[in-house]
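Before I ask anything, here is the structure I am working with.
Every chain is named by a letter (A, B and C) in the order it is written, and numbering of its residues begins at 1.
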Amino acid sequence: MSALLETRNLERSFGAVTAAVDINVSINAGEVVGVIGSNGAGKTTFINMVTGYLKPSAGEILVDGRSIVGLQPRAVVRAGVGRSFQVAQLFPELSVLDNVLVALGLSVDRKLTLLRPLHSQKRRRKALEILAEYEIAGHADEVVATLPQGVRKLLDIAMAMLSSPRLMLLDEPTSGVAIEDKFALMETVMNRVRKSNAATLFVEHDMDVVQRYADRVLAFYDGRILADGTTAKVLSDPKVQELVVGHHLDIEVDSADAYESTVVPMEVRNA
Amino acid sequence: MRLDSLKPLSLACAVAAGTLVTSVQAAEEYKLGLVTFLSGAASGPFGIPAKNAADLVIDAINDGTLPAPISGKGIDGRQIKPIYVDEAGGATKQTAEYRNLVDREGVDSIVGYISSGDCLAIPPVAEELKTLTVLFDCGTPRVFEEGDYKYVFRSHSTASMDNIAAARYINETVDSLKSISGINQNYSWGHDSWRDFTETLKVLRSGDIEITTEQFPKLFAGQYGAEISALMVKPADVVHTSFWGGDTDALVLQAAARGLLEDNQMIFTAGETALNSLGEHLPDGVIIGARGPFGPFAPESELNTWFQSEFTKRFGTPPTYPAYHMAQAVIGLKLAYDKAGADATTEQVIDAFEYMEFEGPGGKVSMNRGKGHQAATEMVYGRLTRSNGEIGFTDVRRYAADCVNPPEGAITEEWIKAGMPGAKCD
Amino acid sequence: MQTKSIFLLIGGALGLFVLGLLVPEWLSYLMIIAMGKGIVVLGVVLLMRAGLVSFGQGLYYCIGAYVAGTLTQFAGISDVLLILLASIAASVLVAALVGLLLCRYRGIFFAMFSMAFSMILYGLLVRSSVLGSTDGFNVLRPSLLGWVPTDDASSDLVLAVAVVMVMILGSLMWLYLRSLSGYAGEAVRENEIRVEYLGTSVFRIIYTKYLIAAALAGIGGTVTALVSGHVDPEMAYWTTSGEFVFIALMGGTSHVAAPMVGAGLFELLRTYAFAIAPYTWQMILGSTLLLIIIFLPSGLWSLVSRFSRQARG
């Protein structure tokens, strides 16, 4: 089957600095991929290129077979890509419910109706249903600025999922969230995601979360993909453990799993 | 009561009180609305001197102390009560204030308006509200050239007179006149002044005049370095300016510092108001106009002597032309009422005022343009000179009213270009 | 519910019209001016809610006024409906061009650019001796569908036009602000990135609101020109635009009635300041605004909402 997301020789430099190079990735519908790497390894650059925020210096990005290079973020979103943010991007002075209502209108309804009120019974009900899916319906009338981090991140993800994206990119979904709430958040999100059969990439620093929810892992290092394979294989790779994770992980490996190793030997590059 | 709820409440009370006030007029009072610049850049050189003149003349009329032949106390036997309104805020604001004066204050008539914009906006409202209005100072000729008004009078000549006479003066008194340049403020007053001046000169010299440069700095610019440089780089035999107020002061100071005044013959068409403050910087020979026979150019008369001495005594400085303009307007109004007789209606006063000829502190005023509503006076120019430290004038030339004012029915610009037909000059 | 609102609106309009006929002339005139300016401020508030402060609405206010003046004075067209249509068309056309550049900017840059465009028109008008330069020219009396009113009746006609415009535009704006399009403005103000990532163009949202605000300013300018009988370039000067922002701050941005209330109180305040303190009226105006900003930062309308909340609660 053709891949949902495919990047070929993707590259991005900022002047003399190469932020990402030689990125070749192929992701299918239904896959849940964890993206790991230390800060500056190229994960965010990769995500930004896929969502249209950054233009690649070279290479190709295909969503559903269509090239999205050069498209504005809003066009990329309409092509079926959704994104949540490390710092939740919400409408702080509006209530949670209004956030969803506006987001529904802008992303799904699309017709910027001039005179029909936003707050109709039907829309309220739909918005509350959506909030319920993320278990934050109880906060419906609270103003966003007053909410705890976990609720904000859920709302951010909910808003990104409204247009039923075929490819969902979650940028550090649990960052800033209290440890005891991380798994609850991921449970809620993953339930929702699996129901939609979207291809999902989530950037994560917490290896427990990665282990628990990712079927596959992309490990970034120094602008390149260090490893790409099943979670167990990648996380047990000693190179990955040394360069990315920073410490030893106890992982059980099933040697029957396919393992695409793209381990690249270290090169000395010119400054 | 909390502070923030006190405010709207008191505002509401003020509104209620204001709307309930009906025009309760004491039987012996003549309410006169007076509109002039009480704030802003025009108040210093124009608005306040005008207001002072109004106070002086109104008090004298009320007491009956104006010299003969003006007689009687008050207007129509009633004591004049002045109601002052600041002319600031623009034409739309002024039409609102005009209506307030008529509807809310119940004035009998209104004397006012220095700004040409206001002088164009007010007459239709005056006609609508059928209120006698005397425009006392604005320059634009357009008022009666573009419309006929029954209730509106203008008791002074338009600014066209200033510049037509200026052209005649330099044509007659400047030897081997070949070129002119100008620095005028970038709005209608400045543009119209320069246009009337140059077009008249072209007619007088059959086109034989060169314009080396024309500068139009922004109104109230205050800094004329670039313009003065341009005037010096492109010298001309005469430099024309219609600057007024603070701009004149700034120009004189800056021009004096750079030698522009010494090296060039300058003519200040409205320069009289600056004499008191800037006299020391003005070199001998500079040509000054006072927008008519006013101030140092006023002909000898009992009324003028009275006006000069009383004004100087009361306010500390001699009266300048805005003061003369105001005195002329109020006196003209009073004389119209006297002519119409006791208990005259507004329409009867209008009949009396039309085509009236009277003597103001600046001499003869003939209401013989604009179908009897627009005044014409003579225009005077002179060269500054000093004797014993006192400022005086030489080479004073007087231009008859019918020489430098476009005749009845003529449009200034067209009349000049046509060669000023019908002008009666000696 | 719908029919009840319509009846209330019609009733309100009739009431306002009758009030305008009954009060003394000077107050009626003030009311019409306040309504004209209030309509402009409606547009200023719309932009403020989208996070933009326009110091250049005078551009369209002046266009609307000069269209009214030019049509009545030079083209012999006095029908008030035609004049309104022409002003709206002219304002929206200019806004469509100006907005292409202006709506790419935010904050202080938007404010300064909007002011610059307005001053460009000012400069052009000052240079035009045909249009009377700084003195401007007079606007002749309007007519309606062939009926040419007498002098007295023509001010009643303008009153009626003003009242009808206020009611229609106020209601439309009220409905608009509660719709998705209205909320889109709030969203843009709150978080442009989020709006883009929901797949919608921020530029298009702002551009649309800019066009609406321009049309409102044009209508306001026409009403003012018809009632005052005079137009001049001062209407495009930045201080006129500043006055609209002043009124928007005074009234508040939370309700469509706030600009009208703000404009009305501003005009009343100014005329009484003139009467009480002919030499220092500017101080009264300035101090009042200062007090409002300090004690009522959400504008005078916040008093209304506070009282109604107290009454209910």
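Odds and ends about this structure:
Rule of thumb we're sticking to: a contact is a pair of C-beta atoms (placed from the backbone, for glycine too) under 8 Å apart; a residue touches a chain by one contact, two chains touch by 3 or more.
For clarity, every value in this text was computed on a predicted model and none was experimentally measured.
Using CA-based centroids throughout, the chain positioned farthest away from chain A is B. Central chain (C-alpha centroid nearest the global protein C-alpha centroid): C. With centres defined as mean CA coordinates, chain C is found 35 Å away from chain B.
Note: centroid distance chain A to chain B, computed from Cα atoms, is 76 Å.
Per-chain CA centroids place chain A at a distance of 46 Å from chain C. Within chain A, not a single residue touches two or more of the remaining chains.
Considering their complex, residues 51, 72-74, 77-78, 83, 85, 89-94, 98, 101-103, 105-107, 109-119, 159-160, 162-163 of chain A touch chain C. Of all the residues in chain C, the ones that touch chain A in their complex are 172, 175-176, 178-184, 186-187, 190-191, 193-201, 205, 208. Residue ranges of chain C in contact with chain B, taken from their complex: 23-27, 29-30, 33, 126, 129, 132-138, 151, 224, 228-230, 232, 234-235, 265, 267-272, 274-275, 278-282, 291, 295-296, 300, 303.
For chain B in complex with chain C, the touching residues are 3-5, 7-8, 11, 14-15, 18-19, 38-39, 84-86, 89-93, 95-97, 99-100, 102-104, 116-117, 120-121, 124-125, 128-129, 140, 142, 147, 186-189, 191.
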